[in-house]
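Pasting in a structure now, in C-alpha cells, and then I'll have a few things to ask.
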C-alpha cells in the first residue's frame, strides 16, 4: 500500500528521471526497475536517499516532457469527458488520476526508447569519431585500464605515481563510458606526456570499440569477474571483449592480473601477468600491512625500491607494484617512484580506514565483487583488534551466479570467523547465513533491516578497540 | 514489544543539553536495540509536556520549528492507573490517543527533572524508570547535602560553607567577614542545586566574592562557598549498576586555564581547537584525557571513593562522580555527583568496552530489576482503623 | 578564557575586560552577534581598557523577559557600567544595532563618553520602511500562501522570503518582539543631540546598512566624519580588520 500510494507524489517525475539517469536512459533497465519496485511495494521515496537527481540538460528535458505529458493528458481527459454528467466526469478523472503514474511510466519508457535510438546512439558515434582523431594525433603515451574490478584504483595509482615525473591526464572519477571519454578527449591540451584511460564494460564490444578509439601503448587488465551478466551473455564474452585489446596493443605491453583466477583461464602462454610476488620482472618481498598502510620491497637486477603507501590490504600490493614498475618503464626515477607511491592514499569508500571513538572502521562499500570480499576478510584477519566485525549486504549484479557467489562468501566468512558478522535483511541474506553456518562460523550474527541506517549509526554500536570491515553497498535500484 | 517513554527538556539551564542527550544518546541507541518501542516526551522550557514522534528529530529544535510545533500540538495528560499511561487528544474527531508505558527513561539535566522531581512523579505512578531514584537524585543535586553524606562516610571534601540568599541580603557584610575567617582564598562559589557549571565563579578578593555570591543567588537560593584544592587534578568516574557497581574509566576533563569548567567549553566548543593531542580525546563534553593521566594509586583510590559515594547516596542505574585530587598530598576529595551525566557519558563507556546500544539496554534492564525488587515489599496494610472510627 | 559574570537588571550578564589603562572603551555588538565580533580590534587593549559585553539576549548573556527597545538597551548599558564600576567611559564603539544603542544612549544622556565610533550602525529606518512593510505582509500572507506545501519546502521558502526582506529576525527567534520594537525606532532626529566627536565607518558593499545611512548620521551629528571603505560589507571590522583598526586607533589618539 505504501509503495502504491507513494506513486501519487507531486515530485514523481523527478523520481522517475532520477532512475532513468541511474540506468543511463536505457528503457529496458528502467522498466525492469519499475516492475521490481511495484512488486516489492517499497515507497518510491526510498530511492533517492543516497544522492539526488543531477540536473543535466537531458534530465531537465525529461522533467519538462513529463510535466507537459501530465498537463496535456489531464486536458485531454477533461476534453473527452466534456459531454458527460458531472459524476461520470468525476469518475473518469479519478480513474485517470489513479492510472496516471503508470501512464507516465509507459510514456517515459517510450520517450527513453526514442531518445536512446535517435539521440543517444548517433550522438555517441559522432563523439567516438572525434575522439579517435584526437587520440591518434596525440603524442603522449596512452595507457588503458581494463577489468571487472579495481580499474579505478589502478588508474588512480598510475596517475599519482606517474604524475611525480610526467604530465598526466587521466579520465576523471569513474567516468569510463565512451561518451565521457569523448569529453575527456576534448579536454586534452596536447602537451600531456601520459594519458590514462579507464575502460568501462557496459555491453559486448564496448572494450574493443574503446581500444580501437584509443589505440593504447600499454594496457592493464586488472581482473575478470562475472559482473554485468545482465548485459553480457557470459563470462566468455566479457573475457573476449577484454582481451580484444591485444589487437591494438603489442603483446609485451599488455599486463594482466595474475591474481584473478578467472582471467588466467583465458590467457595464452607468454602473456605478461603481475601479482604480489612479481611484476614485470620485479621481485616483491618484505610485505608489511598495518592499519596505517602497506609497505614492501621491489628488486630487479641490481635495482631495488622501497615502496610504502597508505593503501590498505594485501590485494593492493600487486596494484601498487604495477604502478611502480610501469612508471619505471616509461622513465621515472627511483626517487620519483618511491615518493609517488608514498603519496597514494585510500580512495573514498575503498578500504578507507576511519577512526571513530576508539574503533577502526574500514569502509569498502564501493567494492562489488568476490575478490574484494576475500581481500577484505583477509585484511580483517591480519590486523590486530580486541573485537572484529564484518559487515556486508552481499553482492548485487551476480546474475545466474548469485547462489554460488553467496555460498562462497559464507564460506569465506567462516574461514576467518570474525567475532560479529552483520548481514542485511535482503534476498541473499539467507544464502550467506546458511553457508556461513555450514562451514563452521561460531561468532555472533546480527541482521539489520536497513544498511544505510546501520552505517549512519555505527558510532552507537562500536566500542573502543573494535575493528570493523564493511563492504559492498546495496544500491538504490536493487532494493 | 515494550514501550519506553524518554522524557527530556524541562525547565532547566541544561534544557538544550538534555535534548542532545535524549535524541543522540538515548532514543537512537534504544531504537537500534530493536527491542523497544520508543515514545518521545518533551517538556518545554515553559514546562508544557508534548508527546510525538516528530520530537525525535533534532532538526525540529535546530530550525526553531519547535515553536510552531508547540503551537499546534496537543499537550500530554498523564494517567495514573496501576502504572503510567500517556494520553493526548489525537487529531481525529477529538478522540484520545493512549499509550501505556512499561519503562520511563528520564533524560533531563539539572532543575525540574534530574533533581528528583520527575522521579517523584514516576514513583507515584509505580512505573519502572532508569537512573537514580527520588532520594538519591535529590541528595546528588544538592552540593551541600551530598557533601554532608560524604563526610559521614569518611570521604574528604574541600572545606566549605553555605548560605541562603535571604540571609545574604540581610547581613551581607557580616557573612563575607565570617566566610573570610573560616575559608581561605581562592574560593569557589556555586549555586547549590543547579547541576551544570552555570553561575560558578572562582574568586580571590572580597569584592569578587560579593559579586560571585550575587551571581550564584541569581540561579539558586542556596549557595555553597568552598576552598580550592591545591595542585588540582579534576577527574570524573561514571558508574553503572544498582547494588553491583561497574565503573567506567577514570576520566580527566581538560579545563580552561583558570580551572572552572565553563558551560560553553563544556557543551559548545565541540570540534574546535586541539585535535589529537597525545591521549587527549574529545568526548561529548569537550576535551578530556581518557583514561586520566594519574598514578595508579590515585586511579584506584578515585574508583574506590566514587563507588563508596555512589553507594552512600543510594544511586541506581547510572551516575557520574566528580572528584578533586590534590596531586602532591595524594588526596582524593569528593566534589559532586551527577545522577544523569550528559549524553550518559557514552564516549567513556564506549572506551570502557560498552557500546551506546549496550549501555541503554543495560540501563533499562537495571530499571526493571530495581522496580520488581521493590514490588516485593509491602507498602499497604489492611487495618480496621476506618471501621473503628 | 572564561568570561566575567555579573547580575544587571536581574539578568546574568557575561563580559570581558581587557587591558589595564584608565581610559575605557566600551564595545557594543550588533543584533544576533556577540562580543566576539570585536576580536579584530582587541589590539586596542595595549593603550586602553576594553569592555566587551554580551548584550542581553545574545552571546552568553540572559534574555530580557519582556521586549526591549533601544531605550531599555541603553539604560541597561548604563546600569551595567555602574555595576562593574566603570561609569566613566572614554569612548563607545558600536557595530550595527550596537551603534544605534550607543547613539541613542549618548543623545539622551543615558550614556556618557567623550568619543563615539559607529561601525555600520543601524538606526536609520525610513529607507527600510518599504522592506518592513513587505516583511509584515510576507509573514502574514506567507503563512497562508504556503500552507499547502510540505513542511520542509515551507520553511525553506519562508527563510528565503525573510532573507530578501532583509530580516534579522530569524537569527534570534526568541527576540522577535524586541526586534520589531527596535526596527520601528528611527533615531535620525535624536542623534542631532550628540555632541561627542564621532567617527562613522561603513562598508561600500553593505546591503543591511548601506553607506547612505552613514551620510544621514554624518549630516545629523555635528562633530562627525564619515569614511566609506570600499570592498567591505556589513562586517567591515572583520573584513578589513587592519584598516578599521588603524582608523579607530588614530581617531582615539586624536584630540
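Residue numbering begins at 1 within each chain, and the chains themselves are lettered A, B and C in the order written.
The definition used in the following text is that a residue touches a chain if its C-beta (ideal position, glycine included) is under 8 Å from a C-beta of that chain, and two chains touch if they have at least 3 such contacts.
Note that this is a predicted model, so its numbers are computed, not measured.
Asker: Suppose chain centres are the mean of their C-alpha atoms. Which chain sits farthest from subunit A?
Answerer: Centroid comparison gives C as the farthest chain from subunit A.
Asker: Whose C-alpha centre lies nearest the centre of all protein C-alpha atoms?
Answerer: The most central chain here turns out to be B.
Asker: Provide the C-alpha centroid distance between subunit A and subunit B, rounded to the nearest whole angstrom.
Answerer: 49
Asker: Indicate the whole-number Å distance between the mean C-alpha point of subunit A and the mean C-alpha point of subunit C.
Answerer: 55
Asker: Per the centroid of Cα atoms for each chain, what is the distance between subunit B and subunit C, given in Å?
Answerer: Each chain's C-alpha centroid was found; their separation is 38 Å.
Asker: Which parts of subunit B, given as residue numbers and ranges, touch two or more other chains?
Answerer: Touching at least two other chains: none.
Asker: Residues of subunit C touching subunit B in their complex?
Answerer: Listed in rising order, the residues are 1-3, 5-7, 10, 12, 60, 151, 155, 170, 173.
Asker: Given the complex with subunit A, which residues does subunit B contribute to the contact?
Answerer: That would be residues 28-29, 32, 281, 346-347, 349-358 of subunit B.
Asker: Using the touch definition up top, name the residues of subunit A that touch subunit B in the complex.
Answerer: 357-359, 386, 457, 459-465
Asker: Report the residues of subunit B in contact with subunit C in the complex, numbered from low to high.
Answerer: So the residues of subunit B in touch with subunit C come to 63-65, 67, 199, 201, 211-212, 214-215, 218-219, 256-258, 260, 262-264.
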